[in-house]
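After this come two complexes, each holding chain A, first together with chain B and then together with chain C.
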Partner chain A sequence: MSILGLELRRSAAAGAALLALAVGVAALYLIPGRWSEGWMPLVLTSKEYLILLWPLALAAGAWQGRREHRAKVGELFATTPRSRARRMLPVLVAMGATLGLAYLLVLVAGGVRIASTASYFPPDVVVIVLVGVLSLVAAAWLGLGLGRLLPALVTAPVLAVAGVLLVFFTAIMRPWWLGAVLSPVYGSSMWYPFQTIDSGVTGALAIWMGGLALAGVLLLVGGSPRARVAAVLPVLLGLGVATAIVPRDKAALLAPVDPVARELVCTDDAPKVCVTRVHANVLESVTPLAREGLAVLAKLPGAPTEVHEYARAIDEENPAVRDDVVVINVRIDDRGGLALPDVVVLEVVSGLGVGYTGDCPRDPAVERAAAYHLLGREPVSDLELYPEMIWEEPELNAEAVALWQDLQELPPAEALSRVAAVRAAILACQDSTGLLSR
Partner chain B sequence: MMLHLRARRVPLALAASVGAAALIWALWLIFSDNRDSAALIVVLTIALMVSALSPTLAGPDEDLERAAALRWPRQRALHLLAAVAVVVVVLLATLLTGARFGPATLVLGTTAGLVGLTAACATVVGAARSWFLPLGWTVVAALFPQSSGTWGVLATWQSQPHTNGLAATVAAVLAVGGLATYAIFGAARSATADQ
Partner chain C sequence: MRTVSTAETAATIHPWAIHAQALRVRAGRHLAVDGLDLSLGTGVHGLLGPNGAGKTTLIRALATVAKPAGGKLTLLGTPVDGRADLRPARRALGYLPQHFGFYPRFTVREFVAYMAWLKEMPKADVPAATQRAIDRVGLAAKADARLKTLSGGMLRRAGIAQAIVNDPQLLLLDEPTVGLDPEQRLDLRELLRDLGTDACVLVSTHLVEDVVAACTDVVLVNEGRLLWQGAPEALGAQGDAGHPGDSPAERGYSALLRRHRAEATR
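Entry: the complex of A and B
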């Protein structure tokens, strides 16, 4: 233990781990909105930042692996009765444990912030984090081995850049399944909060990283040229087994859905409001606003009676439109609570409660004028409501305001019947243009 | 002169620097359909080449070297200019090939800025550790470029398009500041034991 303690004090392990921790936590907290939605978003975002941490661990390992050469004590140490493997054990443990721990601490630092709001903890989270830890250990050990193989000052920076390029380009390469095996960040770009990573992909990555880690150990411990050649073996073996078990189907490789996370959680009482399980913590905040929107729509005949969260996976067809259900987006803010509560009512009412399928003609100006008529206020551009919107057709809102003013001047019953006609047209998949200004 | 260069491990640094660039160039030539390299690759290649040259910024025994009756400030400045020249010439040569690492102004600006930063770091932490900050900063900037806001541009100047004046200013300030600092003070002595 005292040897290990000494190793921790003397080696690059502590410095590299502190740097990794600082980089990871800074990257997380610079944009907390990316992972405030829950545990899986936090884990995927942290996994994405392995693109910085993995090369860091690799370079730190190489820097440390050069040590023996640097101090010119190789021959002296070779005369000691301890085997090389025994002598290298402390540095392997020190580098691996500190960098792995740094990754765990990054996740803890993020977890502290979301612990009170994240409602759903999928078991996949644990496996993905552990394989992330393994990736960093493998990078550090591989770096140690390569640093001993090529004990020059330039090895560490070259490996750092090589690591960045490897992690980045394997993550976006074709075929996807090979990228899934090779890249420690594969699958971390998030499309929706109910995403996950297929366990086959995580398993394949673990095997590949295990091969790299073993190769690093062999390079560090093995003295003879033959032992160094033998280090290629675990790399090839790991790659072979990993490619054999990695799933090849698109559903498992491209933003797979965690079905439990996507399940709708609903209010017990009518009118029913449902959100996905990952967003269950905001159901209480959404419910009164969604019901307010339903009450506005209730002025129309055959108005919808339920509000559901929109939860379509990337490769799925749009869900069939049900005329009794309004589908809305639920947005989460930086602190994990409901973002933009003011627009929830509008979301329910806009489109007059009919979801978009992409197959039917829609007239945004007519729909906006009709919706704002029901709400009883003048239409405003979406640009003012949604910070993420950056463009809208400039004439759209002016057109909607003009139509809305015409509606205001009509007798209320007539205006309402025209709005009802618009909803009926949308439901029947007909063009609603001109229905407000007959 | 040759002895001096060998004592500074220049042959190895040159080989590593140019070799790494050649490898990246060859990979781009083989795997990409696009003749112009992605900016990410260009910037990382520059950072890599500069990092590979950084160990030459100090000799094995800095105190001994300084005892020599040379005009060290001029010598050091020439050393930095030579490093910039190596990177720029190698990358400009690719403009004639099937995998172009450009544009030229981007290469020149980024190289000069990074060499200056590396030299400044060498005066503080020694040549062996001088690449930590420039390379780390460049990797972060290249992967997560920020185009909005002055601070975002300043923090990720390496990944701005070559027409960005602010980024060019940062590069120029780093280049001139690094050149002056290193020419006057030379590499830190404490780290020489690490060589």
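Entry: the complex of A and C
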């Protein structure tokens, strides 16, 4: 009978790992839309759920670490020749391996759903997942050590609550670089699907977690008060080295961009349609719709000839407006396919193909009336088209409909020339108000 | 054919399994064992004495849990002085504490095997040794039951099974008969006689008749010192009809204690 097998069956390891697996998979599948876009979104979302799994592993470790005290076997075990360190080794392996495996299985459970749609697999994914595994192992081992140090009934639940608070508040604390070292979930809130985590941040977290893991082992194995004090050493050492190597620049700390993921992947034939590499799987679905939109705009003089996906990073300037390129958002649904295909044509046509920069005056009612005139149908509120929209100025659509009706009554050539004038005004950064109803 | 380790075939060079000279052991701040001289070899030794005599503290010191505060203690030839490596002695040690702690989720077999592992038995020998230990205490039918499902008497026997799994040369049982029914006590006596043929077995108990029936030797301690040591028959000769007790041994036990107390007050 192997002692490791015995500990796997009888310790808290299997139960804690099953619980972690259930919590992780349930959290993932509660909102699959958060990670359906690809591998990195899945990895970042799973990392975010460490806010539940890390404290769970910590508490499970503390519960298990209390076992000898609870069962009062210390007297009997003290008479045996096997050292405390050797006695604890199977427990450490069992707790660490099962909880680490549980995290991997959470990712596998998510991966199964996106494997057929996710096209881009960045190598960072592997490292981030492995450090996530290390974080859970560290939590379990630290818990084991603390459970032995403070073998009270309340230790495990208190550590669970404290763990959640610690992970959360270190993730949002200032300075960012310290949060990046301390919190196992740092950098997991996603702004765009081409986001990544800087390898310096991942490395610093790995060192910090390694220090915590070692401290847990020392607390669990060491018997004397001096050994317990020695457990502070790897914590300080880990913190020192991690803060020394963690990047301090904002670009690495705040939603860093994976440039390869953001690169545009385009159709070979014209009119050119381009999406970011993370969305390459929907290029085929987007292309005919985007081209339909370009065809609608083609009625205007100097109409744009390409459609690109909007891919701005959080801290960047808006890209300069090009009058030959329409920039659109590409939305992905729960299953990793193209979401809201019906609005793609409208996306291309709205704003008459000119992107927003925030610097120029825009008149949404005029633009909506002009765009719907080109589309040949009555304007509708964006609230009816985009499920994520919750508010729009109530008069906006009524105003647009009125302008649109005026356009309908004009001779087609006159109407088209007014719409062309609106586009020209927007491109020239001039106010388009009143251009439709001269 | 199994390999035989050199330790197994080495000649026994220590004359006594337990050899204590002027041994002093603290229980908390109190010197519970205070100047005890004791030499025990192969056989079953019954450790008798009133409550507070230092029996449990003595057994804890012999089990290498309590550190001696003074005097000399040698177990199986290994001096217990804080310097020598106790592991060889501990490998040959079996111990049932007064309060036997166990993992309730483990089965009897798992716990006994776990203890065999802690006692650093060769891995290949563990399954057979575990089964044999469980058989010897009569728990074969419950071998795969969780410890938390066992009655008090069964737990006591599981505790004895873990103590004997490594065929100890020095077996220390602190009140092994607690919770056993009369029939189980008879079985235990049988087992003790069997174990005592080639090991030093020290059994602490309050039941004088168990000692007489199962032991080759009686050790009577009081106030941390050895009061009397001799054969069970000789214990009976210490008392007469005037002493309290329902058997010659019980009368001898009370006679020895009364005589000692009388001397102490004089």
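Definition applied: the second predicted complex is superposed on the first by the 437 of 438 C-alpha atoms of A that agree within 3 Å, B and C clash if a C-alpha of one lies under 4 Å from a C-alpha of the other, contacts with A are read in each partner's own complex, and residues count from 1 in each chain.
One rule holds for everything that comes next: a contact is a pair of C-beta atoms (placed from the backbone, for glycine too) under 8 Å apart; a residue touches a chain by one contact, two chains touch by 3 or more.
From a predicted model like this one, the values you see are computed outputs, not experimental measurements.
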item	value
Partner chain in contact with A:L6 - chain B first, chain C second, else both or neither	second
Which of chain B and chain C A:R87 touches, first, second, both or neither	second
Touched partner set for A:L52, first chain B, second chain C, both or neither	first
Which superposed partner A:F77 touches (first chain B, second chain C, both, neither)	second
First, second, both or neither for A:V154, with chain B first and chain C second	first
Touching partner for A:R377 - first (chain B), second (chain C), both, neither	neither
Chain A partner contacts - residues on chain B that touch it in the complex	9, 12-13, 16-17, 20, 24, 40-41, 44-45, 47-48, 51-52, 54-55, 128, 131, 135-136, 139-140, 143, 194-195
Touching residues (chain side chain A, partner chain C) in the complex	1, 3, 6, 10, 67, 71-82, 87
List of chain A residues in touch with chain B within their complex	23, 51-52, 55-56, 70, 152-154, 157-158, 160-161, 164-165, 168
Chain C to chain A touching residues, read off their complex	60, 63-65, 86-88, 90-91, 93, 95, 97, 99-106, 109-110, 113-115, 117-120, 126-127, 130, 162
